[in-house]
Amino acid sequence: MSVHTLTAARLPFADIVAPVAPSGAAQELAWLLVAIPLASAAILLLAGRRSNRWGHWFGVGASAASFVLGAAILVSLLGAPTSERVVELDLFDWVSVGQLSLPAGMRLDPLSLTFVLLVTFVGSLIHVYSVAYMEHDADRRRFFAYLNLFVGAMLLLVLADSYLVLFVGWEGVGLASYLLIGFWNHRTEYAVAAKKAFVANRVGDLGLLIAMMAMFASVGALDFTSVFAAVGELDPTTVTIIGLALLLAACGKSAQFPLQSWLGDAMAGPTPVSALIHAATMVTAGVYLVVRSAPVYEAAPNAQLAVVVVGAITLLFGAIVGCAKDDLKKALAASTMSQIGYMMLAAGLGPIGYAFAIFHLVTHGFFKAGMFLGAGSVMHGMNDQVDMRRFGGLAKYMKVTWITFGLGWLAILGVPPFSGFWSKDKIIEAAFVPVDGAPWRAWVFGTVVLVGAGITAFYMSRLFFMTFHGEKRWTTAAEGAEQHPHESPRLMTWPMIVLAVGSVALGGLLSIGSAFSTWLEPVTGHAEHHEPVLPVPVIMAATLVLVAIGLFLAWRQYAASTVPTVAPAASVLTRAARRDLYQDEVNDVLLVEPGAYLTRSLVYGDRQVVDGAVVGIAHGTVGLAEKVRTLQTGYVRSYAATMLAGVVVLLVVVLVTRI
Amino acid sequence: MTLASALHANLTEAGTTSSGEAVLFWVLAPLMVLAALGLMLSRRTVHVAVAIAGVMVGLAVFYVAQEAYFLGFVQVVVYTGAIMMLFIFVLMLVGVDASDSLVETLSGQRWIGALAGIGIGVVLISVVVRASFPTAVGLGAANADSNPVGVSRLVFGNFVLAFEATGALLVTAALGALILTHRRRLGRKIGQRELADARVARGGRLTPLAAPGVYARHNAMDVPALDPYGEPIEESVSRVLRIRGQEAAAAAYALETEEPGSTDRPSLEGGEDE
Amino acid sequence: MSLTNYLVLATILFTIGATTVLLRRNGIIVFMGVELMLNATNLALITFSRMHGNLQGQVFAFFVMVVAAAEVVIGLAIIVSIFRTRRSASVDDVNLLRN
């Protein structure tokens, strides 16, 4: 076990904690956190149909086992002093060739443990939910295998101690996402959606690869400790490039602008997938990457500003799109995109924002997953209908779903004392903190975040009211499917209840005495408290007022008045929002068509130029040979004449050059 | 007095030839060139053969004039005697009346030929004329033990390997000629019996033809023989002569014949010697 | 008269022989042209031998003659066998390797 020594003078932060060796059984066995879900996935895939009867519970058990081990490690870390809360576990030497040495290891510190607990806890709940949700699906066992694969890969991602191991987990979750989005791949559009997600992720992966290459070229190593120690002395351009490349990677994985187009289509997967991967965990990997690479961003202020800008843009993008979506899951996806924009923005604000980004990530994980599970429950009761214009008045028929969903809704609105309030408000305050040398930043980003909160309130309330309140607008037998909404079975409702409890209480609990921020300090560093440009109470009041306005507008339009069952003609903005602000068309014009054009021109070039040259040489040779062939007259005398003429020429040449 | 001095073949001190040799050269050389031109330009193949024979003989004379006595002799025997005869045999085989038409079939060949020929002539002559040669020594010393001895010393001494190889070459050439001209029998060999049977079957003549008549005063081929009845047999004279009308009458040379019983013939009983 | 006159004569004979090869169609006459060329070479060799005073040129010429004899044998045999099949001694008829 190696211990890397760092000197404080070389670090951007003065109080980053140096890693120590693992102590205690739980920490030594940390590798099981990854191994158990991956082994379970392998077993379930290899065992095949024979395991159909017990496969799902086996998958649930694997996820739960990881949670138990994660909790044990948490306890051991909490028992250790702050200076020993960053533990590095060397697993094996992955690449060891001459001068090149890239070991693989794990890092157990507050940040990674937070993610571990979030992933395994919410993941296990969703595993349980899926047992009932996928009950009628013949491929349920395979579903659990993929879910376990995802959990294993995500844990590997957050527990990595180097960018290289992180990349392995990164790719693994991308693969799991592809497999799960396209789970019902007998429907072509689902398979296409999976491919779209994978390709968009791939662009992000390119960013991560470029960052790793730049790191390796300039620092010579890829593990966090070495990189963070050296980043302060690198050429600023290099660090900015690394930062921007990492941002690109985060955009791909977290569906931020400009790589956000895949998230809406990813709702083609089963709802538990949307809940786990595309709400709580995988899409937050980008935020994890940014926060983990904090020293890089601290050394490259321009990259950091880019992070904030990207977060701000996505925040508004998701909010606008969410206002116009009639598909329940797609509206929730837009909401996820927007909330992650909040987290990115917070992460880009520097040390003052890291802890709140993660805090919001955790609370968002609970309430968004809860809302997705609720959406699944609604779909389960309404024959897999997703058009919110055909819902309405479901509160009476699905009480548990209604209550748990409602609690999540209040949390995301940021209504005190629910958990969303504690995390989102802190982000809004941090956005208003002035930055030296750029006074516009506080005002611009603060306003954006504030307005975003208002729009969030509007569209989430719209979603809630359209689904559960108002008149019943269900499809009738004449329209094809008669609806008999009913509550979901217990295996589905209990996870929703647990998540609702988290949505309510978690925020408040973790905020007591800034417990969460203090917990994360070994990783994010201690941030001095700065006063925002507006007093805190003013900000809080403004937020609540905007939220109230949004809620009221939504109530008036969707609960108090009739909601048309067919989407009505609307303004330009609404129509644009219904088409995801033309993101697919933009992608087509900017990327797909030039790419196709490039391919066609390359093929043309290959055929005309390369093949043409080769074939041309062949033709030329043949033509030349045809001409030369006519020299062979077959007559001895002409050959003799040629010989004699040649001799004459030769003699003349020799004589002329000699004499 | 050596053969060389007898033939005035010795060179002077300055390396030039004697005047006799000069005369010989200037007489024979143009003739040889004319003969060679005849070889190139004649239409009848027989004329070509004669021309080249003339050139060969001329060359033999020059060899002797140049103190290469052995080679001159060999030139006559081998080249003119053997090789030219071979040529003439083949010419006869191919047909002497086949005259080469002077119309050129290959386009441009005549011009290229003329040009190349003149070109190489000009080049080589210019080389020879401009080259500087050492003073000619002459073969007086080399021929001290007579020319064949000198040549044989070199052939069987320094160049014996080449000699043996050339011998093998000659053997191979002879074998090659045999193989090349060998005709494979394609059908069954027809024997004499079959020939005779075929002749009888078609009613041809079974006996040989009668030979031309042999008379006391004339036994050339142009008089016919007489059959037992005293009539001349037409087939006994060659068909060629008959066609040409060169057959002579038998009566001109035949003895007068008497009627039977009209002459005094010696009787068989007793005889007086007179 | 110097000995170069013989060389010039040999050159002229050689040229005439070469031109015969190029211009005549009858195979036998072409062959005769070749023989003429060989003989011209012999004359040149013998002249050189006389110039240098040793008999090596004559030995060379002797071997040339022997080889020429062998060559004539084979060449005429070939012409005869071609003539047997084709009934013609023209070298232009053996043009199957055309193009």
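Order of writing sets the labels: A, B and C. Residues in every chain begin at 1.
Operating definition for what follows: contacts are C-beta pairs under 8 Å (C-beta built on N, C-alpha and C of every residue); 3 or more make two chains touch, one makes a residue touch a chain.
These figures come from a predicted structure and were not determined experimentally.
> Among the chains, which is located farthest from chain A on the basis of C-alpha centroids?
Of all chains, B has its centre farthest from that of chain A.
> Where are there more C-beta contacts: B-C or A-B?
B-C
> With chain centres defined as C-alpha means, what is the inter-centre distance between chain A and chain C in Å?
94
> For chain B versus chain C, what separation do you get between their C-alpha means, in angstrom?
A distance of 19 Å separates the two centres.
> Chain A to chain B: how many Å between their CA centres?
Measuring from centre to centre gives 110 Å for this pair.
> Mark out which residues of chain A touch at least two other chains, giving numbers and ranges.
633, 635, 637, 641, 644
> Where does chain C touch two or more other chains at once, residue-wise?
18, 22-23, 25, 92
> Can you tell me which residues of chain B touch two or more of the remaining chains?
106, 109, 112-113, 116-117, 120, 124
> Can you check the complex and tell me which residues of chain C touch chain B?
Per the touch definition, chain C meets chain B at residues 1-9, 11-20, 22-26, 28-29, 31-33, 35-36, 39, 42-43, 46-47, 49-56, 58-59, 61-63, 65-74, 76-81, 83-84, 89, 92.
> Under the definition above, what is the set of chain C residues touching chain A in their complex?
The touching residues are 18, 21-23, 25, 30, 91-92, 94-99.
> So in the complex, the part of chain B that touches chain A is made up of which residues?
Those residues of chain B that touch chain A are 106, 109, 112-113, 115-117, 119-120, 123-124, 126-127, 130.
> Tell me, which parts of chain A touch chain B in their complex?
Its residues touching chain B are 633, 635, 637-638, 641, 644-645, 647-648, 651-652, 655, 659.
> Quick check: in the complex, which residue numbers of chain B touch chain C?
Against chain C, the touching part of chain B is residues 11, 15-17, 21-22, 25-26, 29, 32-33, 36-37, 39-40, 45, 48-49, 52, 55-56, 59, 62-63, 66-68, 70-71, 74-75, 78-79, 82-83, 86-87, 90-91, 93-94, 98, 100, 104-106, 109-110, 112-114, 116-118, 120-121, 124-125, 128-129, 133-134, 136-139, 141-143, 147, 150-151, 153-155, 158-159, 162-163, 166, 169-170, 172-174, 176-177, 180-181, 183.
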